[in-house]
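So, here come the structures, one by one.
In the two assemblies presented below, chain A is common to both, partnered first by chain B and then by chain C.
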Partner chain A sequence: MSPSAATEVAPPEGALDGPSLGPPLRALARRSSVAFRRRPGSLFPVVMPLFFAALSTASFQRATGIEGFPEVDGFLDFLLAATITQGVLFGGIQAGADMALDVQDGFFERLLATPVPRLALLLGHLAGAVAFAALQTVFFLVVLGIGGASVKAGPAGVVVLVLYGGLVALAIGGVMVGVALRTGSTEAVQGSFPLVFILLFLSSAFFPTALMSGWYRDLAEANPVSWMVDGARELVIEGWSFGAAAQALGVAAGLAALTMAFATRSLARRVRAS
Partner chain B sequence: MARSGPPVEAEGLVRTFGSVRAVDGVDLRVEPGEIFGFLGPNGAGKSTTVRMLTTLLRPTAGTARVAGFDVVREAGRVRRAIGVALQDAAIDPLMTGRELLDLQAVLYGIPRATARRRAGELLERVGLTGAADRRVGTYSGGMRRRLDLALSLVHEPAVLFLDEPTTGLDPMSRLALWEEVRRLNAERATTVLLTTQYLEEADQLAGRVAIIDQGRIVAEGSPLELKARIGAPTLFVTVPDGQEAGARAVLGGFGDLRPGAAGALGVGLAGGAAEIAAVVRALDGAGVRTEHVELRAPTLDDVFAEVTGHRLEGAGGPAGGGPSGANGDGDGVGAHGPGGGRRGGRRRGGRR
Partner chain C sequence: MSLAQSARVSGALALRSLRRIRRLPSAFVPSLAMPVFMAVAFTGAFRAITEVPGFPTDDAASWFVPLAALQGAAFGGIGIGLGALGDIETGFYDRLLLAPSTPAALVAGPLLAGALRALFPVTAALAVGFVTGMEVPGGPAGVVLLVAVGAAVCLMAAGWALGLAYRVRTQAAPGLMQAGLLLAFFLSTTQVPLSVMTGWLHTVARVNPMTNVFRLARQGFLGEITWHDTWPGLLVLSVGIAATTLFAYRGVARLQR
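Our next item is the complex of A and B:
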C-alpha cells in the first residue's frame, strides 16, 4: 500500500454515525405498505373473506338454531373473528410473496448492500404486513358491522381484535417470509396457500367444534387456529373477558414468536449463503 | 471514520460454488479516482468478484479490502463507503423514483432534509426530474439504469461499483450513461469499478482494464498498453469451407496466426495495409479462394483473443467490436477477395 495510493473515506454528508434501527424500520414498513396499497392482488385478502362471510351467512344462517351452537344474534357475529383471521392469513401470504419477489428480482440484494442492520429488513417488511392487517381488521369490523354484526366486548374488544389481527399477520407473515427467504420463489410461497386454507377449515373458524364429530373434531380442537379464533370470537359474541382476550392474543403471539424465529433463521441462512 | 489505502484491493480472491471455481485467485488493485474496467465474457467471474467486493458474497479464500476496510470483517463499513448498481437494475416497480431515492437515503442514515435536496439534485443529474413521481414500472430500460445509478450515489460513495451497467440498453442510453459515469469521475473523483462484456465500453470508459476469463485475470493495463502488446494489426481472411488448412499455411508465412471468429482466420500483419495485396496473391497462388479480407487495428478483443485463445462472447465477427455497432478503435479496412462475394447469411465486417 503506497502512501500515494491513500484515499480518505468519509461518512456521507449528514449521515448518522451508524444507521440506527428506527428510521430504516419505518421506511421499510412504509415501502411494504405501499406495495400492499398499489398491488391489485392486494384486494384479494380484503374481498375474498367478505365473499366467504356473505356466502356462509346465506348458507348457514339457520344453523345458529342447532342445539349446541353458541348463543349469537346472527351467523355474521359468529363469523366476524373467522373473517378477520381469514383475511389476515391471506394478507400474510401476500407479504411472503412480496418478499420472494424482492429476492427473485434482486431488490433484496440491493437492500443487503446497504449498511442497514439485517434484522431491520425482515422487521420492516413484516411491520408493513402488520399495519395492513390492522387496517383489514378495522375494515372487516366496519363492513360486517354494517351487515349487522357487533362486538359485545365494546371498544376494548375492538382494540383487542385489531391487535389480534396484527399478531396473526406477524405469525403467518413470519412463516411466509421465512419460506420466501429460503426459497426465493413466489411460487413456493403461493403454493402454501392451500395449506393455509386447510388449516383454516380444519378449525373452529367457520363452525363450532361442539357440533363436529370424529377425527374432524379432534383435529379442529388440536388446531391452534381454533384456540385463537375461539378467544377472539368470545369477545364478539359474549362480551369482555380477560381470559378470552389473553387466549386470542396469547396464542397468536405464541405462534408469531415461533414463526419469527423461523423467519430470522431463514434470514441468517440467506445472508450466510450470499 | 477514515481509512487509508487503495479504494479496492484484492489478493488471491477465490469463490467456489460446489466444484465450480467461479473466481480463481483474483489479484486486483484499483487506484483512487480511476475508472477501472473489468472485462470478460458471461460467466467469466466478473459479477462474482464484484459481489464479493461489495460484501454480498463471502470469498471462499483470499482477502479483499474496499475503501480500506476488509470485506468480511468490516462488511458494514464497506457498505457505508460504497455505491452499488448491480446487474439488471433491480428496482421495485411499484415505487416512484423519488420514493426509492428517499428510501435509499434513509437506509444510509441521511437526514430527511439532506435526503430531499440530494434526491432533487440526483434526479436532475440523471435527467429524471420529470419522471420522478411516476412508478418505476413505467420507466424504460435506460431510465431504470439511470435511476439505479442515482440510487447508488445518494450517499456520495467513495467507491462506485457498476456491474454491467449498460447491458440491454439502446446505443443512446448507453452513451448517456457513459457520459454520466465520466462526469461523476471527473467532478467528484469517485473511484469506479465497472464490469462489462463490451469491448467498446471498457475502451471508452476505463483508464485501466483487467481482462478476466474463467475466473482468472489474464491481462491488465490501460487499453492502450494492452493493445500495444498486440502490436501489428490483424488481417481477417474468410475462405470457403474446406480451404482453411491451406489458407492457414499461407497466412502463417506472413505473421503470427491469431484466433478469428465467424469462420474467418486471423493473422498479425506487421506491414499493415501494404501487405494485403501480397497476402491475397499468395492465397491465390496456393489455390485458396479469398472471399473477404479485413484489416483491423488491434482491439481489446484481439488482446482477449491473444491471452485466452478465444474471442469475447458477444463481440463482433472477425473485427470484434462493441454492442452498439461501433468498435471503439476501428480503423478497419474491408474488401471482398477476388473470388469473393459475401456468403449468404454469414456476418462479417466486425459490427454487431
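Our next item is the complex of A and C:
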C-alpha cells in the first residue's frame, strides 16, 4: 500500500487517542527497545560518559581540595550524577533519530494507516528510551561503584537515581521526538547534539557553580540542568534528603512534561499533515 | 607529469576545498563555532582549577584558549577528510583519478587547504581569549607560535582523516577520524598539566606525544618561549605530519590502483 493510500484509511485526522492504547503501545515499546539493543551506536552513550568520567576524575581529582568545593570522598562521587545525566541525554537523542528514520522511510505513514492510537506512536518510541536510560543508570552506578564512587543516600537514593535517569530520558526524548516529527530528518535530530552538549557544559554538571564566576556562573545557576543535577548529586555526596530527591525528580519531571507537550503537539501536526 | 603540473593540480584542489567554505557554510560553521564554545566553556567552567598548587598560570584562558584553538584546527583537518569522503561517495574522485594527476598532487591539495583553513578556528579561539582579557606573557611571538602549531596540527589531522577516507570509503570513516583525534587529544595535557594529574592519566599523558605539542603551543601563554619546550613538540609535529601524509598518500595510491 502506498503512503498516500495509507492515509486514506487513517483514523480521524489529528486524533491522538484510539480504540485501545495497551497492546499497540507494548508492541511499539518492544520494537523500540529491540532497536536500542541491536544498534551498535547504542554503545556510544554508555562508553563515552564512562570515558569522560575516568578522564575527568584523573584530571580534576586535586580540585576537590580547592576551598568552596563540596565535601566529597573523590571527584568521581561528584561526577556520578553528571555521568548519568550525560549518558541519558546522549541516549535520548537516539529516540528522536529512530522516529525521524520511521518518518523518512515511510514506516510512520504505514502506522498511521492502522487503527493504532496516535499516542502509542509517541509513547512506544519513548518507552524504549526510558528503559534504556534505566539500564544505563544501573550500569553507571555499578561501574563507577567499582571505581570507588558510592551513593550516600543508600538503596533509596539508588532508586531515585534510576527514576531520575528515566525522567531525564523522557525529557530529552520528548524534545528529540518532537524535532523528528516536525522535520522528519535524522540529520536535524543528530544536529541537536551540540545543543545538548552546550546545555551540559553551561551547568554545574562537571564543576560546582560555587567555583565559577561572573556571567558564566549566573547562566549555570539559571540552567535547569544544574537544578536537577544538583539534586541528584546531593543524594550521592551528602545522603538521603526528601528535598534533594524532590528536586532531582521534580525538575526532571517538569522538563519531561514540557517536552512531552511539545512532542504531542508535533505529533498532532504530523498526523494532520499526513 | 611535471612538478609544475602537479603544483597546478594541488592548487586547484586546494582552491576548490577553500571555496566550499562559501558554498557549504553549514559544514564549516560548526568548526568555527566549536573552538569559540570550547574556549568559553572550559574557561568558564574550570576557572578555579588554576587554584590547584602547581598549576602553571592563574589565568584559565591562558591555559584553555590554546586547547580550543588546537582542537578547532584539528577538527578543521577532519573536515578536509570528510570533504574527501563526500567526493568519493559522489564519484568525483573516480573522475579525478582518470585525469592525468599524481597521488602526491591529490594529497597535497587538500592538505594545503587544511593548513589555510586552520587559521579560522585558531583566530576565533584567540579572539575569545583577547575579549576575556587573556594574558600572553610570551607576547606576539606566543600568538604566532600558536597559529603555526594550529596549522601543523590541522595538517596532521587532515592526513589522518584523508588516509581513513581513502581506505574506508563509507560513513564509518567519520567516527574513526574523530575517535582517533579525541583519544590523542584527551589522553594528554588538554585539561590539566602533568603536575596536577593523578593516576593512570598521568602515566598515559607522560608518554603521549601530543603532550609535547601542547607544551609547545602553550608556552607563550604561560611564560617565555624556550628551546627546551619547543624542540620536542617540533619533533612530534614533523614526524606526525610525515607519517599521516604518507598514510594519506598510500591511501590515494591504493584508490588509484
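The definition used in the following text is that the second predicted complex is superposed on the first by the 255 of 274 C-alpha atoms of A that agree within 3 Å, B and C clash if a C-alpha of one lies under 4 Å from a C-alpha of the other, contacts with A are read in each partner's own complex, and residues count from 1 in each chain.
By definition in this document, a contact is a pair of C-beta atoms (placed from the backbone, for glycine too) under 8 Å apart; a residue touches a chain by one contact, two chains touch by 3 or more.
Because the structure is predicted, anything quoted here is derived from the model rather than measured.
In the superposition on chain A, A:113 makes contact with chain B only, not with chain C.
By the document's definition of touching, of the two partners only chain B reaches A:35; chain C does not.
More residues of chain A lie in touch with B than with the remaining chain of the pair chain B and chain C. In the superposition on chain A, A:23 contacts chain B only, with no contact to chain C. When the two complexes are overlaid on their common chain A, residue A:55 makes contact with chain C while staying clear of chain B. In the superposed model, A:66 makes contact with chain C only, not with chain B. Against chain A, in their complex, chain B makes its touches with residues 1-7, 9, 29, 31-32, 51, 54-58, 67-69, 76-77, 79-82, 84, 86-88, 90-92, 94-95, 99, 102-104, 106-111, 114-115, 135, 151, 154-158, 191. Taken in their complex, chain A has these residues touching chain C: 54-63, 65-69, 194, 198, 201-202, 206-207, 211-214, 216-217, 220.
Against chain B, in their complex, chain A makes its touches with residues 1, 3, 5-16, 18-20, 23-24, 26-28, 30-31, 34-35, 38-39, 102, 105-107, 109-116, 272, 274. Residue ranges on chain C touching chain A, taken from their complex, read 30, 33-34, 37, 40-41, 44-49, 51-52, 186-187, 191-192, 196-202.
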